[in-house]
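Everything on this sheet refers to the single structure shown next.
Each chain gets a letter, A, B, C and D, in the order it is written, and its residues are counted from 1.
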Amino acid sequence: MTGILAVTGLAVSFPHERGRVRVVDGVDLRVDAGEAVAHVGESGCGKSVTALSILRLVPKPGRIEQGRVELEGRDVLGLPVAEMRALRGRHAAMIFQEPMTSLNPVMTAGAQVVEAIRLHDRIGFAEARRRTLALFEEVGIPDPSARFDAYPHQLSGGMKQRVMIAMALSMKPRLLIADEPTTALDVTIQAQILELMRDLRERFGTAILLITHDLGVVNELADRVVVMYAGKVAEEGTRTEVLSSPRHPYTQGLLRSMPARANPGERLREIPGVVPSAGTWPSGCRFRPRCDRAFEACVADPPETRFGPTARVFCFAAARDEVKP
Amino acid sequence: MEAHVVSNLIVAALVFGAAGLAVAIRRNRLWSEALRELARRRPIALAVVALFVVVALLESVRWRSEPEGPEAGDTVSRFEARSVVDRMFPHDFREKSYSAPLAEVEFYGGAPLAHPRSHLLGTDILGRDVLHQTLKGARVALLVGGLTSLIVIPLALFFGVTAGYFGRRIDDAFFLVSSTLMAIPGLLLLIAIIMALGRGPVQVCVALGITSWVGFARVARGESLKIRELDYVQAARALGVSEPRIIVRHVIPNLMHLVIITFVLLFSGLVLSEATLSWLGIGIDGSWGQMIDQARDELSRDPIVWWNLVAASSALFSLVLAVNLVGDAARDVLDPRTMKEHR
Amino acid sequence: MRGALRRSAAVLFAAILAGCGNDPYPLEDSLEKILYQPFDDPPKTLDPQVAYSVVDHQVIGYVYDTLLGYHYLKRPFTLIPGMAETVPEAIGLSDGRVAYRFRLRPDLWFHEDPAFEKFSPGTRTRTVEASDVAFSLLRVADPAVVSPVIEALGKISGLVDFGKRLDERRRADPEFAALRIDEQYRRAGPVDGVRVLGPLELEIVLDDAYPQILYWFAMPFTSPVPWEAIAAYDGVDGRESFAEHPVGSGPFVLSRYDKRSRIVLERNDRWYGVLHPEWKAPAATYPSEGAPGDAEAGLLDPDYVGRPLPFLSRIEFRREKEPIPTFTKFLQGYYDASGVVKESFDRVIQKGELSPEMRGLGITLAKSVEPAISYLGFNMDDAIVGASGGERSEKLRQAMSLAIDSKEFLRLFANGRGLPAQTPIPPGIFGYDAGYQNPFRQPDLDLAKKLLAEAGWADGIDPTTGRPLRLTFDVGDTGAAAMLQFGFYTSRWRRIGLDVEIAATSYNQFQDKVRRGAYQIFTWGWVADYPDPENFLFLLWTPMSRTKSGGPNTANFSNPRYDALFEQMKAMTDTPERLAIIHEMRSILEQERPWIENFYPERYALYHGWVRNEKPAGLSIPTAKYLDIDAELRALRRAEWNVPITWPAWALAAILVVVIVPGVVTFLRERQ
Amino acid sequence: MLAYLVRRLAGGAVTIVGVLLFLFVLFFLVATPEDVARKAVGEKAPPEVLEQWIAAHGYDKPRFWNPDDPADTMLAEHFRRMLTFDFGSSDADDVPISKRLREGAGPSLALSVPLFVLGLLIGIPLALLVAFFRETYIDRVGLVISVLLMSVSALLYIIGGQYVLGKLLRWFPISGFDPSPEVLPRFLALPLLVGLVAGLGGGIRFDRTVFVEETSKDYVRTARAKGAGEARIMLRHVLRNGLIPILTNVVLQIPFLFTGSILLESFFGIPGLGSITVDAIQANDFATLRTMVFIGSLLFVLGQILTDVSYTLADPRVRLE
């Protein structure tokens, strides 16, 4: 397997009341060809910012402080602006959480896909249109030529997300970054979109980096899972490793609070407290204040503890568990 | 009651009101934070505005004092109530005609001055100290901005909210009245109203109020339309809370940020409008607009008399600029989105 | 050779200037003999029987010729024959009435106009006859015309009755009202006092002696108008109105009338002065004699004396609402003559003479005191300042009169231009006495305070309130500049302890106050219609009282002795007896003080070096036909004076670049 | 769509009736027929002449109610004249008002159309440029400059422009107007410049806010993610979306191009409809004034409808119901 994406030691900061605060702090991430990696965490933990950093789309006044992002072996953060632009969409494409607002309201759906194509390939409008219609077909948009001239507000949410996916796939990129692609959709539509993504992945071999807070979605699609908490990676492993035998107390908490996992009649167990906002994060293990297993050692930064070839956890408690038995 | 007593009472009321407001803001976390943020972003502009307010208040506090002897000015002014600002200047601080800033002799003719080297900004054609005039103008400017806003905001809020909240007939009526007012060219309407009401500070403020409430009322209407549909308002209605109570407790508080922003933006516009009215000869006596209008001719004097124009226009400019900057910051702090309707 | 060179240089410069600069005129006009004049308010009407404002007369005076005129140079003003061959003498009739017999010159023509074609096809003009003058006089009486001078011309026997007759018949009989205008007049006539004795002969009969009547024949109210034009331009059904489409017989023809921006008069080649230079008609020939000093001033240049008028080919009026830009344009050479705006006075005039700078530009100055007066008045019907207050109020008025220092006022607001007034009669009018000093017009604050104390208001303090006596000064101008002037008066009164409040309202509201008699103190002015003391002294005559008859006696002054003297004086010729009566009237006013005579305005007129033969008149009479322009000199001067200064544009561009470039650079660097 | 237009037109008609009524009442608060007559026939005219004038112009009729003939009142006459577009002639000088309107429209348009077009052509690109450089020093400088520009009184712009550019530097004629094409541009240059600068600050600030707001929208991120450059994003995506709110402001102004700018026309001596209005006010010329206001309100109503229609053209999301 070859690496498509390798993020190492990424740190992104935003200005706060007193100086800049790192909302992403030392994140490592790797996606191999054809692989689907889920990036999981509660909202506000920095997973979207991580995703945006990959294409250097972190909105101002955010700033990538340090780290390295390699896309197909190229250092993304060091690229000149023009090359960066050429890379977006062609090598890695992105779809977003809100299909309602992520499409330009005053351009037709077709025109937006055509634009994506013609930005990278010097072809005429007619040719681009033909390819767009084909793409529409592929992502399951019924009556593509009618939808081509429709404005976004004339399409349903699911249809819009399909248009987004068509746009993202227009250059057949090797990596698709999907930032909460189904959150804003109805449950039935969610299933359709996930089905579509799985299907496309199989057909084109596109690697997927899936950003989500929904472990159910992870279960559907991901090969590997990276759990993030408060700007740092908490735990990483294959789907089964993370979902069946979570090691980090945070992952365990997340899983416990999933309705699907609970036994009927049993009360759901939520994680006490809320995710603290950036800038108010404690030193040492950031999960410490909410953790039922915290002990004295947790005031220091937790080290990486590896479990087998694929799993790793950042937690003193998990490390202690490992030593004990 | 005499005019200066009324003025003093108003100043007292304003000071008490401001104190009360300050206490209220201190208690409310949202507002006090907003205020602190504002002070952090625009310290100088706020200070300038505050300075003008202080000068205006000092100019508004007046009382009569015992005659100060025959050398103290003309006979009549001994009997007049003078403000704190007036008292900061010597009693007969005037010359016969123009003198340049800090000059020793009259500008034309070169006769020695009664008060050489003491007129910081020179004197005008009647020999009055320009700095004194300019400081007095601050009161007029704040009166125009403040009093008019006091007329506009409640009026606009009342009509806008009732129209937006109750809709239907009331909304239709509001639409008609507002478009009738908007259909008449603004300057013309102003002139007509002032001619009908007569000249004077209050009349000008009323006229400006009538011509400028519509814009804000329309914004207020739009916002209350939205607020009406909010869940908790619906919930309150479902619980049987009376309509006026909903408006007072839920709708109006949600418009407060708009009120503040409108007030600030309206203010600078009004002060500028007064200058245009002065050009038409229906402004307020002693305003900067009037000084500018007089100075318009002076600019063409040869040798040029510039200090009048410079004094009045920089005072006007710095107040409006400071208010605009505060307004911009207030908009960013309080609400970055809804002000699209304002131009 | 030198002339040709100068001419081509002028053309060249004008062309350069026109390309980029501020020349407001088209290039092809730069070498024409065109007089450029500014005007402020647009003319209200060009109907000669109606027009009564200075700006109306500025245009009408050239389009419509008058039977009599004023000598261009002589002062005091002297009547000379115009379209009439002589200035007529009064003829006493047996029934005590007075007649004047006018004889018109032959071969006078109206301007060419399509109106004539309408009634006699094939002709575009016709000659002026006595009946046309008679027609004009009847128009003055016609109520539909709404002529403002029916009061004065109503002294012609039967003229007022004619108007009434005409009005009644029009009301009673719609068919009559639909008749052509000349036919209506013919049927409503005849008028006893207007007799057409022959094609060129006209006799006017007055009920009483009124020697001033001749002055009215030097004004456009009596100018002949063709009935054809009245009939054709009735303003109905989209047709033009006569008020906008004049047809006269004067030295210039109206060729363009955008009255809100531009009015153009072209020389009339059919004018009798042009057609018949051999007549040497006084009003169509440059005069050979003038007032003392005229020869020294170059006004009797042999190049011009005896030459037929007019010298100009065109007069262009451009609308200018603001005096200061207008003056600037004058200094740039784009207007040929100008007053002196007070703001630039010190640059232009130094020690009563033109400044060296202005002389260096070749500008000349002409001063003249206008036959006009500006005064402050008291409403004599008012309880405090008026007549009913008796001696007490009289002393108050005297004290207030003593407080006003007109000289200081003129110094502050008019650069000292003008004479402090002592009586209602200004210089240049019979009865003016340069040596007379009105005892209550010599500023004296101590005497004023003494009189005030005698009146019972010691130190100006009202004993009932213990505060200064409060009076109201009603003004109908709210402009900033005017407020300063009003402030001057009140500040003077404050010195003697009077608290005079300025009640500034719009002109309408002021008029309304005056109508209702609800005013105390006001300020007004009067400009002579004709140079006779009657035209000033009637402003205080009881029958003219504002509240009683709506007349111009706004002070509502009423004094039986004064009235009797006025009746006696008005029909007299300028004799020592008349002077004695005027002096007696003066002493009544001196004591009673219905007015504080403020000042007689003085006009300073500036002319560029390329304007020849200029002499200001004061009265609003047309004088441009005597002027000449050296157009080449003008073109050269304009080019010289109007080189644009361009370095600030480059500086501004440089600053912009300096500001923007670092920003762009930083931005691009950040993006990498 | 049609039903909507009809409803809007009906609303507009009611508005116009309201304006007319208001105008009528206001006039009698401001001036009396005697005032109008006095201004028209001159200060020196005797009272009989005033009466003749008042009768000739119908100002002696009952104002609101005439028991003998309800149609013979000034109010009825006022409405009849305005609603039939029979404006009659000016009170000040008896010129047919329709003629005056024809004469004034040209100069007004000659100034207002270039001012409007240049204002858009300069203001919008500048605002877009400032928005392009948002969060940088150019943006801050641009913003401060536009607030500075906004904080100066319009009077000062005119006075300053005439003094500096006209008098001192002699670049342009200080004021005046001449429709002949040879000299017209010279006359228009200064008022255009002054009008542009005076309006630029507020325009840039408003438009910039709109554009910056648009740049934070999700679709911009999408465009970026597909590889579009910043310039392309600004021109193709942000401009088009931002123009919609700007357009509503702009279209509303189009009808008023005819009525001109009162301040500019007065100071620069341009004989357009704006200065006709000022002249009418000063001359107590009610007949002209009411026509100007009537036409102004007519255009306003028209402009509002035009704005709504243009909204539907520019924004595919909006459909009129």
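Following the convention adopted for this analysis, a residue touches a chain if its C-beta (ideal position, glycine included) is under 8 Å from a C-beta of that chain, and two chains touch if they have at least 3 such contacts.
Because the structure is a prediction, the values reported are computed rather than measured.
Chain centres computed from CA atoms place A at the largest separation from chain D. Counting contacting C-beta pairs between every two chains, the top pair is C-D. Chain centres here are Cα means. That of chain A falls 53 Å from that of chain B. Between chain A and chain C the centroid-to-centroid distance comes to 87 Å (mean Cα coordinates, whole Å). Note on chain placement: the centre of chain B and the centre of chain D lie 26 Å apart, centres being C-alpha means. Centre to centre, using the average C-alpha position, chain C and chain D are separated by 36 Å. Each of the following residues of chain D touches two or more other chains: 30-31, 167. For chain C, the set of residues that touch two or more other chains comprises 328, 506, 508. Residues of chain A in contact with two or more other chains: none.
Residues 11-12, 14-16, 18-19, 22-23, 26, 29-31, 143, 147-148, 150-156, 159, 163, 167, 202, 206, 209-210, 213, 245, 249, 259, 262-263, 277, 281, 289, 292-293, 296-297, 300-301, 304 of chain D are the ones touching chain B in the complex. Those residues of chain A whose C-beta lies close enough to touch chain D in the complex are 55, 57, 59-61, 82, 85-90, 93-94, 96, 98, 101-107, 112, 115-116, 119-120, 151, 153, 164, 167-168, 170.
Per the touch definition, chain B reaches chain D in the complex via residues 175-177, 179-180, 182-185, 187-188, 191-193, 195-196, 268, 272, 275-276, 279, 289, 292-293, 296, 299-300, 309, 313, 316-317, 320-321, 324-325, 328, 336-337, 339-340, 342-343. Every residue of chain D that touches chain A in the complex is listed here, in rising order: 134-135, 216-219, 221-229, 236-237, 240-241, 244, 314-317. Chain C contributes residues 18, 21-27, 42-45, 50, 52-53, 143-144, 146-148, 150-151, 235, 238, 241, 243-244, 258, 260-262, 318-322, 325, 328-329, 332, 334, 506-508, 511-512, 515, 529, 549-552, 642-646, 648, 659-660, 662-664, 666-667, 670 to its touches with chain D in the complex.
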